[in-house]
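Across the two complexes that follow, chain A remains constant while its partner is chain B and subsequently chain C.
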Partner chain A sequence: MRSIVPILTVVAAILLFWALCVIPMNAHLTADQAQRDGMILSPDTPAARQDYSGLVLALKNPAIIPLTYTLERPRLPSPHQVAVELYDTVIDKKITSKRSLVYHGWVTLSATLLGFAMGTGLGILLAVGIVYNRTMDKSVMPWAITSQTIPILALAPMIIVILGSIGVQGLLPKAIISAYLSFFPVVVGMVKGLRSPDAMQLDLMRTYNASNSEGFWKLRLPASMPYLFASLKIGVSASLVGAIVGELPTGARAGFGARMLVGDQYGQPLVTWAALFAAAITAAALVAILSLVERQTLRRMGMGAV
Partner chain B sequence: MAQPTIRATGLNLTFQTNDGPVHALKDVNLDVNKGDFVSFIGPSGCGKTTFLRCIAGLETPTGGEINVNGMTPDEARRARAYGYVFQAAGLYPWRTIGGNIRLPLEIMGFDKAEQADRVKCVLELVDLAGFEKKFPWQLSGGMQQRASIARALAFDADILLMDEPFGALDEIVRDHLNEQLLQLWARTEKTIAFVTHSIPEAVYLSTKIVVMSPRPGRISDVIDSPLPRERPLDIRDSPEFIEIAHRVRDGLRAGHVDG
Partner chain C sequence: MAYLLAGIIWAAGWWVNSRLAHTDGADSPAISLAIPAIFGITLIAIWQVLVQMLEISPIILPAPTDIALRFAGSLSLLWADFVQTILKGALVGYVLGTLAAFAVAILADRSAFLTRGILPVGAFMAALPIVGTAPIFVKWLGSDWQSKAAVVAVMVFFPILVNTLAGLRDTSAMQRDLMRTYGAGYWPTLIKLRIPAALPFVFNGLKIATTLALIGAIVAEFFGSPTVGMGFRISTSVGQLAMDMVWAEIIVAALAGSAFYGAMAFAEKRVTFWHPSQR
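Showing the complex of A and B:
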């Protein structure tokens, strides 16, 4: 793992930058709070303090700097606050608790995985159709591209509401939004992958008088594997985004999306940030699992580490 | 006399391109008898590869007639009458050498035991015994090309069509493979059609050399080689060899002048 050092360096730099940003971002809130608690500040009214930037205010009143890291409802939470909140809601809370991020994570993850499976299946089917059928080749791709130009934020509520009105609720509507986002990279990647065999390899199959299905199973499909995995990795993170977006419009009661919404609406930034990080970690884990499967599969196929 | 294995009469092939029609083949007449080793030689654009592809049924002529084993090329292709070796080895990277050779056998429905026997047999034939479980990238270019020849031999078609199979290899490897190919031809008694643009290669290998010239692609000379079938590499220094090479070179030059 030679890549670990550069990764950690970048993470450390981001954390440092984040931690430094906390001071100016929270300076005004902290000053107001400190004054209520009896601290003498300059300037001494909130209105007057508005004339100063957060940074200047903190420099004029160095005593508030440590306090910017401990606000209960900060404008920008500090890294350790988010870490504590994450630990609290992931490890400490019982899984059955409505505040457990494991519980909410599972709600989102199940929709993600179902949607990912649906999207991948649909994507592969469409790609096969595009490669083998001239009519589909001419007609499907423009629509697939158009489908991705519609903002999912506009589309998601409609899908939820329409499906809800015909009695489909819960997992499936979210999974459909996930599938809507994840089928696209799979179509694009698989079309390219299924077309990756060159003229010579296709001619070779003709000299064997191979049928179309043999050409597919023995040449096109194996040749497309590296492309498929690249697409799956994009698709799975798109799926997660889709599931979260699907949790927002109805004010869903569960899932990462619901937690982000709750944090926003009830002024609890820590809840939002913890959900955000949990979602990011989940996405990273999903991509990492796919990378592992990719490496194993391609190695077994003799195509080495790609 | 028996019917020739490959017979082309008045064969024409015109490609329609954006720059107008291109005469890839014009009035090509040729008989190839069973057990012949025929080389097609000529500059690029002379239609030698196109002619090979016509034999294989991969291109459809626009005029004239061509027969392979008494059938149309397409029927011959369906009957799996030939093995084709391309310019590049074109092994599937996700299959082992054995797996690559098994590919045509799987498609043609040989049973598992038969597949294993044949793979073993052709690997020995091309001197690659012991490499069955290796992946293509683990082999040198010359070995990959030998594996692709083994793949074409695996289903034991009577005809072997080879399109500049050694074109991308260095001369030392090429000499070695040429020698091996002759041995293989002697052992299997196949009819071989071989495209090349190397004069020594064509003269060394062939019982019949077909000299072609471009624009339009046509046959400018057919030379029946007087060399014996048994040919050590140093036959290339013999006067007979040099004389044939001269004639080939003259044929190529003549084609160039009026082309």
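Showing the complex of A and C:
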């Protein structure tokens, strides 16, 4: 809690920097607009203004500075414009509206969650296999580690097209990309976790005459929980990125990725920025929920000191 | 018939690996390399057999031999894409993002207040889907590699910043006291004690960032690019249903990603040879 003041200071500094950047970024656009509206500017043709940087232009014509914050299609929207657009599309619009970010968010989120569940489930199963089967360990583990160095996300458009051509459409292709992205962090983290009990603890289980399955349920699985949660937090944000990127190249009609693309193609930067922030807030919420579950679980298991 | 043959190949590969994994020398480097290699070859062989015998359309899944032929047949094209996306977009952005992160980390490190603020904010930013800023940067900086480098720089900035800051704090009071008794000021302490102590953390960030850099450079090309580049090639080949070309690009991406990561891991080994994890 004593970090709250420093955090707020840093956030405020970022917002201030952003707000200051708005002036030079939008100066040329604003100047052109202001001239059409009848304002007298010092270099009086757009071509002449191109020779000046945005900052110089704004300082020469201080009258345009407040106008840079109210452009309808700014190069860089100001923080309050993004906030207003977010409020409009999240809270003011009906959820069923095609412009509601809650609707688009749900499209992306459902693919993310489905994929995350599939990836995590399969990842845990494979990790158990790797820990208990030496052949599997030796054959699969190097590939699982190598695969983390490969930009898997580049596969996304191909997976969607392939699945589309064999008739799988809608939620599932995106979920498969999400699953794939969350799969490997979970495998690697879970293998580490299941192996984390040391020889002394394993020996103790043996002196208790514990069977293999008891050793798993009572020692290895509980011991792996901190590792599992660490990889889940990586996996869930990877899943969300996967679902968003999965919406990009195929011209999906709904979802955060589709909104970003729409804003980009129809010249509505506010739509893109709002979708971006909504995606960021979603990612933050998912990670926060997992952290909460982690803290509760670890506390109940007596590892809550973290 | 096809499934039977695939099953036989799988059983044979598994049997060989199982024998190898249970021999005495299973942990020797040669066998540790051979087992995953055999596993990979087994999978590729099954892929080949199934695609050929079930006559799967190359639009859905091309056979490995087709991909290899396409790869060998369009080396100059692939090289041009590699230069555009990896060497120009990803690498320039990676270097810029890293330098910026180091600069901010060293500046912020002078104030405990700033460090406490930046660490959680940076960790938070590192988990965000920053790749979504790609359309914005493409709009600002044009569709050539500069916009890709900018996306990559922003993507790699936060993980490296957080790791560097965390690393710079990773000295014990005893070590810092020792430097003080030597009469060392801020800069000698930074250069001789704290930066070396931070290196294992820094390399952790650098290694995470290699994959991010490639992802950023490729995905940003989906939003606009000149008619060259890996992301451009992937999206247009998908449009033409030329899946063998897509797979050839994926091989390039995989090789580049592994080489990039490997280079960082190698540098880490050379630079932090004193650290327990490297000995």
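Basically, the second predicted complex is superposed on the first by the 294 of 306 C-alpha atoms of A that agree within 3 Å, B and C clash if a C-alpha of one lies under 4 Å from a C-alpha of the other, contacts with A are read in each partner's own complex, and residues count from 1 in each chain.
What we mean here is this: a contact is a pair of C-beta atoms (placed from the backbone, for glycine too) under 8 Å apart; a residue touches a chain by one contact, two chains touch by 3 or more.
Worth saying up front: this structure is predicted, and the values here are computed from it rather than measured.
Q: Could you say whether A:84 touches chain B, chain C, both of them, or neither, answering first, second, both or neither?
A: neither
Q: Just checking: does A:154 make contact with chain B only, chain C only, both, or neither of them? Give me first, second, both or neither.
A: The answer is second: A:154 touches chain C but not chain B.
Q: Which partner reaches more residues of chain A, chain B or chain C?
A: When the residues of chain A touched by each partner are counted, C comes out ahead.
Q: Under the stated touch criterion, which partner chain does A:134 make contact with: chain B (first), chain C (second), both, or neither?
A: second
Q: Is A:210 contacted by the first partner chain B, the second partner chain C, both or neither?
A: First partner only, chain B.
Q: Which holds for A:263: it touches chain B only (first), chain C only (second), both, or neither?
A: A:263 contacts chain C only, not chain B.
Q: A:301 in the overlay: touching chain B, chain C, both, or neither? Say first, second, both or neither.
A: After superposing on A, A:301 lies in contact with chain B but is clear of chain C.
Q: Please name which positions on chain A make contact with chain B in the complex.
A: 198, 200-201, 203-210, 214, 218-219, 222-223, 225, 301-304
Q: Quick one: which bits of chain A touch chain C in the complex? Just the residue numbers, please.
A: Per the touch definition, chain A meets chain C at residues 2-3, 5-11, 14, 75, 134-135, 137-143, 146, 148-151, 153-155, 157-158, 161-162, 165-166, 233, 237, 240-241, 244-245, 248-249, 256-257, 260-261, 263-264, 269, 272-273, 275-276, 279-280, 283-284, 287.
Q: How about chain B: which of its residues touch chain A in the complex?
A: Interface residues on chain B, with respect to chain A: 56-58, 77-78, 80, 82-84, 86-88, 90, 92-96, 103-104, 106-108, 135-137.
Q: Would you tell me which residues of chain C are touching chain A in their complex?
A: 14, 17-18, 20-22, 26, 32, 35-36, 38-40, 59-61, 113-118, 120-121, 124, 127-129, 131-133, 135-136, 138-140, 210-211, 214-215, 218-219, 222-223, 230-231, 234-235, 238, 241, 243, 246-247, 249-250, 253-254, 257-258, 260-262
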